[in-house]
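Please see the structure below; I have some questions.
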Amino acid sequence: MFTHRIDSATYMKLLEQQDSEKLFQLIDSSREHLRQWLPWVDQNTTVEHSRQFIQRTLEQFAANNGFTAGIWYQGALAGVIGFHKIDWENRSTSLGYWLGEDYTGLGLMQKAVSKSLDYAFLELRLNRVEIRSAIGNVRSRRIPEKLGFTHEGTIRQAEKLVYGFVNHNVYGMLLEEWEEKENSKTEDDEAQG
Amino acid sequence: MFTHRIDSATYMKLLEQQDSEKLFQLIDSSREHLRQWLPWVDQNTTVEHSRQFIQRTLEQFAANNGFTAGIWYQGALAGVIGFHKIDWENRSTSLGYWLGEDYTGLGLMQKAVSKSLDYAFLELRLNRVEIRSAIGNVRSRRIPEKLGFTHEGTIRQAEKLVYGFVNHNVYGMLLEEWEEKENSKTEDDEAQG
Amino acid sequence: MFTHRIDSATYMKLLEQQDSEKLFQLIDSSREHLRQWLPWVDQNTTVEHSRQFIQRTLEQFAANNGFTAGIWYQGALAGVIGFHKIDWENRSTSLGYWLGEDYTGLGLMQKAVSKSLDYAFLELRLNRVEIRSAIGNVRSRRIPEKLGFTHEGTIRQAEKLVYGFVNHNVYGMLLEEWEEKENSKTEDDEAQG
Amino acid sequence: MFTHRIDSATYMKLLEQQDSEKLFQLIDSSREHLRQWLPWVDQNTTVEHSRQFIQRTLEQFAANNGFTAGIWYQGALAGVIGFHKIDWENRSTSLGYWLGEDYTGLGLMQKAVSKSLDYAFLELRLNRVEIRSAIGNVRSRRIPEKLGFTHEGTIRQAEKLVYGFVNHNVYGMLLEEWEEKENSKTEDDEAQG
Amino acid sequence: MFTHRIDSATYMKLLEQQDSEKLFQLIDSSREHLRQWLPWVDQNTTVEHSRQFIQRTLEQFAANNGFTAGIWYQGALAGVIGFHKIDWENRSTSLGYWLGEDYTGLGLMQKAVSKSLDYAFLELRLNRVEIRSAIGNVRSRRIPEKLGFTHEGTIRQAEKLVYGFVNHNVYGMLLEEWEEKENSKTEDDEAQG
Amino acid sequence: MFTHRIDSATYMKLLEQQDSEKLFQLIDSSREHLRQWLPWVDQNTTVEHSRQFIQRTLEQFAANNGFTAGIWYQGALAGVIGFHKIDWENRSTSLGYWLGEDYTGLGLMQKAVSKSLDYAFLELRLNRVEIRSAIGNVRSRRIPEKLGFTHEGTIRQAEKLVYGFVNHNVYGMLLEEWEEKENSKTEDDEAQG
């Protein structure tokens, strides 16, 4: 029921129990694509697993520990985006996301990440947002790189995937950087106006 | 972050922790107005109480037990609407709602209830929605009456308010009635088109 | 061990774990009779289900949320009676009950309900007791009707039974009504004495 | 509401929330008497403490871990008796009890213990009931001694009371002993009949 | 990782998850020997049961309710020793222990019990340590008898083992007794020194 | 009771409740020194806070989520070392540590970290250990640098301390690196032997 509009064809929506079947179908139809970079894909084998995942994301939201939402494109569930948790003491969070194979290459995720940054910095007043991508996951890495994140380091053997351990690039954006970007956008708009 | 659009000036939004102060201010500025029909107003005396209320509404949503949302009008929090819980075995729920004094008489709540019915019958596929109003609460009673609910009975001394026990009118709408209304709306639209 | 005497042949007793087998036998021997009006009968298929039910009724009693008791007649378990919960804020409760097929027609339940009203109004000082009966359940409806409850309305499609949704008659008795009845009984006794 | 009859003037009743005030008054009026042998008396200083105690006894009963009941004599609360817990694996329990100062010397507790043995051995089919009494607590020791328990040993410095550590006499009765006593009673009755 | 040295060949170590397999093997290779006096042996049939046992012992330690440790001899797990719980109000605890069949007769347990007494009386400042042994379990009884415990009584049919109920000898040692023994040891050492 | 020997003067010990006072004294006597790099120092103002901290570290150990231990030097508590948690899916952990002001400069922590690596890689078979130090915390940084960790990046504004946000250097050591180091040590020993 509750959505966050991205553009005329696209919105984010908090996943609810009645979306379990759709979420499972999306995963099930992209298994080969997804298992390359997501460690949980092979454990998600029934609709019940997707229902439990949705349950956990709602409990996460209720605990003021960040949102996890589905991305809907032209009326269909296309992917998932969310915070892994919120570190309120240090006012920081980290973002994770994935798209079903049919929905890559449309620029959906870059827009969804951008909206999520607005929420993190403007509504929650966090100070830092982090994105970690496996070095080989070029599509995923491109998003923080395009959005102006800083590459801060490479954590070796950070994650165990189906094909073995991978190194993680760490990208960070700070509140002060986001505000600067937003201000320059507004100035551009005004200059053009 | 997550909203449900009602009209160009109005939307519902799941309440989050960062809304606590606004919610408390709304209650605090309408105490005399609200305490007449809401039993909890005199127990809500600090922002912390509003924070705890929001916490419970998010846990309710996470438990698949219905939503509770703020109603925003022209950028300000105007009131609250929600399900008391969902009886999944019997596929029924009941609706509660209130508006700050400054926001009554604008037709906001009737629209919000109507949207909530769409959610209950269309997305959740419930079979019955109930509204209970104290007999003397004319403004509240008018909403189910205008929306075509059936008055099913009067529960005597159902609720203890500040001024004593009050009788409750029970109003019900069934899935089959809602679908008939929706169909006739569509037909009207088509006839007009 | 702990009982509430109804008459020389009949008493109520808090159900304990060691009653699980007897409770299951009572249900199992009246399935056709009970499933017509009780939604849970087809889910109760082993002694373990009856044990879990007893467990829940004891937790309910421990939580000051009302009792659930077995009705013993001539040394055998005949049925169950109890409060669904207690709404302490509004000082009201609702009563539910059922008898095994062999124990209907003996007037057991009317007496048990009457004793339960004494407990609700005299010991717990509640203000309202409610009974809801499916319209077609004539035997059940007769009890509040005979005991002087007021029929307050009919909730449509209130409950989903094996054969579909049924409408509920709502019956209520208030503390002031119960006290008046008790006083007139005493006066009768005195007039006769 | 639920009672276990001891004799025409006396019964046991599961303590309920509405008994909190009476329980506290009983303790408060016997402080000097009770604190000599009960370690918790000085910690019980408000009705709320008695309410919490009653809450725990109801949870104990709900957990199938033994009952704790008030003893009512001529309509007034006279004392408390109960199992400390039930060791189901070894089918044994231990009994504790106390009376307000005004109710000692009437033989109430011996009868209450006797009824509790019936429950333990007959209804719960336990194999062993234990009573522990501080050596100096002559009144308490007399009960198992009169009822035919066996003195099995003396645990040194077993309990810390207000006046220091005390030694505990351990008394035990086994199922086979209880059954023998019951049979001889019946035979006496038959011989007399 | 964390150990308590007993002698050059022997130490106690808090059991951790990674010890589950070793613990299960020790039990599994001594089943006939152990089941005679330990009621749980026949329920321990998989490594998972040993893992759950270790989990509980760690939770017990975390709750300040006493330790349970493995005894390692010449690099192999030889047995288990621990407190059953700690009664902080009365400052007492009771000790339990067992050895795999191959490790009996080496004097390991007497030393481990002695170290555990040091911990109970010196570090935790308890007032009483109890050991209970089935009368027929001569090897187990010899330990408190040699260490100077007092035999305080015999609890009849205290425990249900595979072969039926057994009587328990209760042995106790008090803080004052332990201190006296320690002092006389020191004096011996000084006299010899 | 349970310790891990570092050298003749030094050992690690799982903190227990009876260490609360000592832990609080250590913090209280080094406040100025500690608050510079530890965010929690100003919230630790009573022995009860240290008791709660110890409680959490024991629960962490019980949950198989890593140890936290005190470092004892010449019989006195000198500091604390532990894992923040264990990420079992990716087989990695991160280490944190601090020393009271009087115990710095003695090389205690480097030895304690080295022992903790042995535990992580040898007993738990983890694949990666991480240390994060604020860039300005030279003393802390020196430890991973001396022990052969790799500097993998700098997380900007990673932590909020009393004096504001600080950047974190991330250092990592992998299982394969640790094994290589251990092998070369052994070879050195053999060459010398």
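Each chain carries a letter (A, B, C, D, E and F) given by its place in the written order, and its residues are counted from 1.
In this section, a residue touches a chain if its C-beta (ideal position, glycine included) is under 8 Å from a C-beta of that chain, and two chains touch if they have at least 3 such contacts.
Because the structure is a prediction, the values reported are computed rather than measured.
Undergrad: Give the label of the chain whose average Cα location is farthest from that of subunit A.
TA: Relative to subunit A, the chain with the farthest C-alpha centre is D.
Undergrad: Determine, among B-C, E-F or D-E, the equivalent of interface A-B; equivalence here requires over half of the contact pairs to be the same by residue number.
TA: Copy of the A-B interface among the listed pairs: E-F.
Undergrad: Subunit C to subunit D: how many Å between their CA centres?
TA: 32
Undergrad: How big is the gap, in whole Å, between where the Cα atoms of subunit A centre and where those of subunit E centre?
TA: 53
Undergrad: Specify, in ascending order, the residues of subunit C that touch 2 or more different other chains.
TA: none
Undergrad: Listed in ring order from subunit A, and going the way that reaches subunit B first, which chains are there?
TA: Result for the ring walk from subunit A toward subunit B: A, B, C, D, E, F.
Undergrad: Where on subunit C is subunit D touching in the complex?
TA: Subunit C reaches subunit D through residues 1-4, 12-14, 16-18, 55, 58-59, 61-64, 67, 69, 119, 123-124.
Undergrad: Would you pull the subunit E residues touching subunit D in the complex into a rising list?
TA: Counting only subunit E, the residues touching subunit D are 39, 89-92, 127-128, 130, 150, 152-160, 165, 170, 172, 174.
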